[in-house]
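For reference, the structures are reproduced in the following blocks.
Shared between the two complexes below is subunit A, which pairs with subunit B and subunit C, respectively.
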Partner chain A sequence: MFENFMIHTWIASTIIAVTAGILGFFVVLRRSTFAAHALPLATFPGAAAAQLLGIQPLWGLLGFVTLAVVLLHQLQKLGRKDVAAGLVLVTLLAVGSLLLSMTNTYAPAVFSLLFGQVLGISAADLWPVASIASLVLIGAMGLYRPLLLQSAFPELAISRGISAGVIDILFLGLLGLVTAMAMPVVGALLVFSLLIAPAAAAQSLSARPLQALVLAVIFSVGMMWLAIALSFWTNWPIGFFVGSLGALLFTSARLFRYIRHRWFSQRLPAAISRPMKLIPAAQPGEA
Partner chain B sequence: MLNWLAHILHWSFLRSGSVQTALLVAGCAAVVCAVIGVFTILRGYAFAGHALGDVSSAGGSASFLLGISPLAGFLGIAGIAAVSLEFLGVRRAREQDVATGIVLGAGIGLSALFLYLDTTTTNTTGTAVTVMFGSMFTFPASLRLPAMMTAAAALIMMAILYRPLLLSMVDPELATTRGISTRWVGLLHLLTLAAAVALAALSVGAVLASALVIGPAGAAVRISRRPGVAILLAMLLGLTAVWGGIWMAYESYYWFAGRAWPVSFFVVTIIFLSYLTSVPLQYVRRRRIVRAMPMAAHAGG
Partner chain C sequence: MHEHTNLPTPATSSHHADTSCASVLDVEDLTVSIGGRMLLQGVTFALQPGQLCGLIGENGAGKTTLLRSLIGVQPSPHGQVSISGLSPRKSRDLVGYVPQKINFSPDLPLRVYDLVQLGCDGHRLGPRWFSRRLHQQVMAALDAVGAQDFAYQRIGELSGGQQQRAVIAHALARRPRLLLLDEPLANLDFRSANELAGLLGHLTRVHGIAVLVTAHDMNPLLPVMDHIVYLAKGRAASGSVREVVQSATLSKLYGYPVAVIEHGGRVLVLPHADAKVGEDGCYLMPNGSTSGGQA
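Here is the complex of A and B:
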């Protein structure tokens, strides 16, 4: 499991898991789940387009993720956010299916682009992953305070002169970069699980931002490692393990919170035991 | 010569049995999705509707393993996903996004496993493409009856749910005092949505199924605020998209020198374009209202 050819897999997937954990924290905080699901799938045609044009896959992915971010941002301004996210997603996916049907590697390519190809990473693949990850980390550090403020107290952020539109497009841009970086390695559908499940579990365990952020990274890396190990032993696709481990993690975090809450409320007056709410209620259908 | 060719092609389009089946099944999907889609959009459940489609791919891929009808597979898993969405608290606004995301992730993971097992245990290739992006022209004729029955069941369910669902959306408290259980109405709506999504997944593919659910309905809701009108409009747009898409895919074989383009691509593109067209239409309507009664329009936003 730790043979030479597996080293690159471990390094790349750890970098991806750390980055996804950090960005996932903001995705869950901002309730941008649908956007986080839409971007990786909308990037899907990038790989096929690159193959048709004979360029590096990463350029194709970056091109399509930029297109998706711009389309998403523009369409979301025009109307219902969730409908916009859904339509951008299906339209670009359909373009992807068309582009793939033009190449000769239709069926196998679809599977590996959707569900990932973790066990085939070379040393040359590591550089783009590492450089994009450091870019995203720097961006996330710069946006940490404004993002947190805007997610928790939107009115206060506006009064401080933080523009919701600018933050929104910067955030989508970071999400797009993570997507383009992670997609060839873990697949379009898996990026999403890695973004949502650890962060959602972490935020249901802790209401403090920094603590929840660290917890999300730990969960994300742990989940990724366990998924690779299980996938290596059983030969089953890694997407299955990431998806089901994510659901398991989330439900156990919720169960833990429920039990802790019950335990406290039996011993303390109701007012004290009620946990502080960091995140204000989101509107239904906000993507 | 060209005229004669066009005549022959035109007739062979409608005469082919597989095209007839595709027209029928996709037509059923478009009608059912239009009715349910309008309610789904108005309730703010577009993401849940999309998630049901993606998750149902696990059913589609399992059906190849078990040797059952793909429609049964899509229906079964979408139904299970609808119940677990309700169980994880999709109705609470704060939880909706995350609950949907978790069910979605787990379902997609399952689908990855089944697709992998499909390729290793059976000799079928291209299952991933069939399940994810659909293959309308390969439907067997035996699919017609189950598809029509599913559509009829979903439509009857929506006819029963129409008033209680509308009331519990507009005024949940009034609905409760009238003896309507919002919880049951919500669950039944999700289950009917699952049936619609299963039909759409069968036609245009699991990951594109939500195009039929949210696209035509999203455009229709922009153009008309009245649910009845919006439903009729969504049906019209949906049927145009699927039938137009099937015709274009069939003809594309001749357009692109023997290399047909996928049906789902045409269907989704028509839907996307119709949504874009609805944006200026909405402004036309709004301006007309503003001119007619300025106060009311400003108050309503």
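Here is the complex of A and C:
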């Protein structure tokens, strides 16, 4: 499992898991889950476009993700966020189906773009992953406070002079970079699982922003490692493991929170934590 | 009730010392139109340090728009707003803003402490390093609103009154001279509303902050309020509470019969649904008095 050719897989997937965990924290906080789903799927036709033009697939992905981010941002300004994400998704998927029909890309290649080919990573694949990841990490670290304030309390950010539009486009830009970087490795559908499940689980477990962020990264990396190991041993697709581990993680986190609440509510002074008892209505005739 | 201790007061807070001291907020001839519709027209008023001013008017009278132009979010083609002599965009440090009721999701991974911390430095770039000064600043703001007891609880799991206090602490974090609140009493029960009104009174008296607050139900605020600005049809007028809180004035302002009664030493404002419109356009209260015209 730790043979030479697997080293690159471990390195690339760890880098991707760390960045996805960090950005996922903000995706969940901003309730941009649907955008995070739409972006990778709208980006994957980029690979087909790259093949048509005879350029590196990464450039095609970056081109399409830029297009998707700009479209998404502009449509969001007009109205509802979810409609914007849906429209971008179907429009670019439609373009994608056309492009795929024009190339001689055969089914397994499409399959690997959707579900990733994490076991076949070369040293040359590591450079774009590492450089884009460091760019995203620097961006997320620099924007941490305004992004946190604007994502959690958009109404309060306004009076601090933080522009919702600027934060939105910067965040979508970072998300787009992660998408384009992670897609050749883990696939369009898995980027999404890595973004959502660890962050949602972490936020339901911790009430401190920085702690929840670190927890999201730990969950994301742990999930990735376990999925690779399981996939290696069973020869089943890694996508299956990432997706189902994510669901399992989220369910256990919610269950843990529920039990902790129950446990605490029995121990705290009654007046603080217990729901108010309903006072039975006085019967007529009673004193 | 809550114990307020010392929020470090700004240097200019000696409010009862001299009445001639510069006002915190000066609005002159402010005009705002949105989508071709004139919302505010020639609005002029001023606020002194330590003054608690109510901003009243019907729904859609432009109260929120006025507050938004005071924080520099709503551009105004005409007129001037100055806060301690600065334009709204340059005086963000001097103004605290509490927007209308925010819905906090119970899953937000932030505690009251984190919200107040973001009030201090939420606009800054780069990672946050631990600093004792920041911690003290946060604790002072929590202290000022009596929120220490729930400072480390998830904000989405608190009661409406506690959340409102948390947001006020966020707004106070940078020690503003002017605090703007948009319907802070909406959705609060009697006790929370009265406590909040007491808190606002405390902030003006003890910390010398000028407070401008919009409210539909002004009863909890009447004991602490000393000035009223009212908006109707885009225009504003202001006066002392004694001048404005009169049956005739308020009925005219709202275009709806309003009764002002005294009960147990307190003045109360109530809608008066039984009143009928007399021939002269004045409201006839059931007890025979007349009140206000239909504007």
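Everything that follows uses one rule, which is that the second predicted complex is superposed on the first by the 268 of 287 C-alpha atoms of A that agree within 3 Å, B and C clash if a C-alpha of one lies under 4 Å from a C-alpha of the other, contacts with A are read in each partner's own complex, and residues count from 1 in each chain.
In the analysis below, a residue touches a chain if its C-beta (ideal position, glycine included) is under 8 Å from a C-beta of that chain, and two chains touch if they have at least 3 such contacts.
Quantities reported herein were computed from a predicted structural model and do not represent experimental measurements.
Once subunit A is used to superpose the two complexes, subunit B occupies space next to subunit C without a clash. Judged by the touch definition given at the top, the superposed model places A:R208 against subunit C, while subunit B stays out of reach.
Contacts of A:V83 after superposition on the shared chain: subunit B is touched, whereas subunit C is not. When the two complexes are overlaid on their common chain A, residue A:G142 makes contact with subunit C while staying clear of subunit B. In the superposition on chain A, contact is made by A:S244 with subunit B only, not with subunit C. Touch criterion met: A:F153 reaches subunit C, while subunit B stays clear of it. Comparing subunit B with subunit C, more residues of subunit A are touched by B.
Using the contact criterion defined above for the overlaid structures, shared-chain residue A:L189 touches subunit B, although it does not reach subunit C. In the composite built from the two structures, the nearest CA pair linking subunit B and subunit C is 5 Å apart. With the contact threshold set out at the top, not one residue of subunit A is in contact with subunit B in one structure and with subunit C in the other. The touching residues of subunit B, counted against subunit A in their complex, run 41, 43-47, 49-50, 54, 93-94, 96-98, 100-110, 112-113, 115-116, 119, 125-126, 128-129, 132-133, 205, 207-208, 210-211, 214-215, 218, 222, 259, 261-262, 264-265, 267-269, 271-272, 275, 279, 282.
The touching residues of subunit A, when paired with subunit C in their complex, are 29, 141-146, 148-149, 152-153, 155-162, 202-204, 206-209, 211-212. Listed in rising order, the residues of subunit A touching subunit B in the complex are 28, 31, 33-34, 36-37, 41, 78-80, 82-83, 85-87, 89-91, 93-95, 97-98, 101-102, 106-107, 110-111, 114-115, 189-190, 192-193, 196-197, 200, 236-237, 239-244, 246-247, 250-251, 279, 281-287.
Interface of subunit C with subunit A (complex): residues 71-73, 89, 92, 95-97, 99-100, 102, 107-111, 114-115, 118-119, 121-128, 153-154, 167, 170-171.
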